[in-house]
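In order of appearance the chains are A, B, C and D, and numbering begins at 1 in each one.
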Amino acid sequence: MKRYLVVNFKAYESAFGEKALGIAREASRLSSRLSKTRIILAPPILVATKISQVYNDVYLQHVDPVSLGSYTGFIPVEALKIEGVRGSIVNHSEHKIKLRDLNTIILKARELDLEILACADTPEEAAAVAALEPTLIAIEPPELIGTGIPVSKAKPEVITRGLEAVRIIREIPVLAGAGISSGDDARRALELGASGVLVASMVMKAKNPGEALRELTEALESF
Amino acid sequence: MKRYLVVNFKAYESAFGEKALGIAREASRLSSRLSKTRIILAPPILVATKISQVYNDVYLQHVDPVSLGSYTGFIPVEALKIEGVRGSIVNHSEHKIKLRDLNTIILKARELDLEILACADTPEEAAAVAALEPTLIAIEPPELIGTGIPVSKAKPEVITRGLEAVRIIREIPVLAGAGISSGDDARRALELGASGVLVASMVMKAKNPGEALRELTEALESF
Amino acid sequence: MKRYLVVNFKAYESAFGEKALGIAREASRLSSRLSKTRIILAPPILVATKISQVYNDVYLQHVDPVSLGSYTGFIPVEALKIEGVRGSIVNHSEHKIKLRDLNTIILKARELDLEILACADTPEEAAAVAALEPTLIAIEPPELIGTGIPVSKAKPEVITRGLEAVRIIREIPVLAGAGISSGDDARRALELGASGVLVASMVMKAKNPGEALRELTEALESF
Amino acid sequence: MKRYLVVNFKAYESAFGEKALGIAREASRLSSRLSKTRIILAPPILVATKISQVYNDVYLQHVDPVSLGSYTGFIPVEALKIEGVRGSIVNHSEHKIKLRDLNTIILKARELDLEILACADTPEEAAAVAALEPTLIAIEPPELIGTGIPVSKAKPEVITRGLEAVRIIREIPVLAGAGISSGDDARRALELGASGVLVASMVMKAKNPGEALRELTEALESF
């Protein structure tokens, strides 16, 4: 089974400028040594094409349900294809979208052979998301995001119930997120049945982001 | 099997004032003679309590994912309970909402024993909605709404595919909507497997709305 | 100079059912004895027509930038006219709207001879709102709303700077809001140059809402 | 008086990939020969940093009212500073925002010495926008956008009334937009008192975008 480490850069200071490029370089170095784990970086849209020159497995943090055309300040799904971006996170707890738009984005992405990681706050939302058939699903209880209290230890039942709710509908890899702060938290998520983790602050706010990436990938590889 | 006739008053001129009350009185008269069909009226929020003094099976057209408290210009789910409103339409094609909010509203309504009719544009959206377990689902291809071209004749496959997609997830009555303009269109929806119809302009823009209600209920009763 | 007491019922428990009607009856009794002060009640949309049967000076808490027609779950400005509602609050700190929509609503209301109380968080926003020429403006620093810390005492400069910013653009009565908890707070607002106050919790969460209304109107009348 | 040519790339096919870079190179070549006219390019956020490597006067098409921090899929105003982007269009007719957010964005940008071009559909909206003191204002009647019917000829009164409404509040350069399809349309806008034009399809959908840029800058320079 493939394992996933998705790093949401959010809009932290380290998500821009030289620091962001440094994280991408580190991911690039690490990635070549991994056999089971895929690292996906999700930088801010503004720097995504710069990051993808350094590391080739990049998602946006959001994409819009529009096509190429007369739209101002929106990112059409097709633009990812043209610019060499692999896919996008959507419906993150900090950027919730309409069910209709989620459906539109997933359909468009599938046609264009792009990937969508759709987030869900709860097992119920995860089930609804699964019905739309995204590439990946991440379950993140919003009350734990950014707290350092790992979902895999504080609310393991959200992961297990979420996995079950998704599996009834179809087979889609499910990542766990919120509060993941150590390799051990990531390993615990895999033990519960998750296919990987979605992290942000553990890497982006680390003194040494490369070290944090290493700790996480080691945990995922060695499981 | 129960049949449903849901009348969305929208914000047509006839949805307010004396005309709206006249439609409610007509529904009240008709309703007492029906054995299988339940008529649900969905007037604008502004007149919902007035309508429910005349006819007791009333839904709102939208409700907000909030509780009683410090909210301005939003309708908490609890308010329906206090004011004697049975439930609400949500996620109508003209009022799409976030997946998270849809989930919150359905959970709150279930706790309070209120009903939710969740709308979907497509079979995929209907499946996602079904995962959240609302009371009723309505499938309405937005391109047919208000056209007078009935979904049950122009796009029967949207209904049948929608029914199938919902059934895989769970048993929830599915209504068909968009362009329903005659009793025959309603009957055709039942033949395809729907549990009823969601109509608006056929009743609200009719010269004789009572006549339109009669035609629809006769078709639903006699199937 | 006219004085205004606007009571935003919000979605507090007391904003619905018998309690809301009781507050409206109290306002009705008080109102007949006032010579300078106009009491405007802003109940939730769901109960506005019921409240207006008891008290005839009612605003909605929000209205939508649409006309009569095919809209689901939105309240057209025209509906206020048909249903005997005098106007609406818009752009409240808990229900911020797009500048375009604010403009549309104010223009429509003016044509229909309806009133709009447009809210602003800051003096800058108040100036922008004034440019659109609503009937009334209310300035409420969001950080004080519901705290019981009165804007007129804690942040008097927001009121005075707001008044000044509005006056440069045009003459529109400006109300002060946020944290108003006593007649004295209301009087202080008038001393600063405001034409009245916008209150919510002081009345809606009072053990005796009638008593709170009396205290406020006495302060406004006697200034 | 300075003149402005702002090119909104929108999300046209030519706004991405090699075509977008070609337009930026053309702007760079032209720009060095201009004495009075400033060309600002507004590419999609996804390619803005790539474009700014080729041409140094770049705006985003939208920016969010947030700071650096825990935000997913939003662009903080500070990010423009870090990434060498000069400013942003906001409140475009295709991307309308809340008045509160407009105010927040303009205040943040001013602190950071970044520029904001705020759009308005109507003279009234332009006046409201002026009260918030953006760097530039553009007036674009939405019904003419993308039509090829130039605002400066079809609705000159929108420009003149807009200019007047803005001037009463403060001195801010006002651009005209919507339907500008020739150098002559641009010149006509200057004759009416505008400080420049905001264009999109004339350049982005041109067989020869460089030619379109030349025609526009010649008209602006020679006035």
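The definition used in the following text is that a residue touches a chain if its C-beta (ideal position, glycine included) is under 8 Å from a C-beta of that chain, and two chains touch if they have at least 3 such contacts.
Please read these numbers as outputs of a predicted model, since none were measured by experiment.
Trainee: In contact with chain A and with chain D at once: which chains are those? Just list them.
Mentor: none
Trainee: Taking all residue numbers at the chain C to chain D contact, is the shared part over half or under half, that is, same or different?
Mentor: Homomeric contact, same residues on both sides for the most part.
Trainee: Of all the other chains, whose mean CA position lies farthest from chain D?
Mentor: B
Trainee: For chain B and chain D, what's the span in angstrom between their mean Cα positions?
Mentor: 44
Trainee: Report, in whole Å, the distance between the mean C-alpha point of chain A and the mean C-alpha point of chain B.
Mentor: Centres of chain A and chain B (C-alpha means) sit 37 Å apart.
Trainee: Going by the contact rule already set, what residues in chain B reach two or more other chains?
Mentor: none
Trainee: By the document's touch definition, which label belongs to this structure's chain graph: line, ring, star, complete, or other?
Mentor: ring
Trainee: When you check every pair of chains, which ones turn out to touch?
Mentor: Per the contact definition above, the touching pairs are A-B, A-D, B-C, C-D.
Trainee: Can you tell me which positions in chain A touch chain D when the two form their complex?
Mentor: Answer in residue numbers: 8, 10-13, 16-17, 44-50, 60-62, 66, 68-76, 79, 82-83, 85, 89, 92-95, 145-146, 200-201.
Trainee: What residues of chain A sit close enough to touch chain B in their complex?
Mentor: Contacts found on chain A: 91, 96-103, 107, 121-122, 124-125, 127-133, 165, 169.
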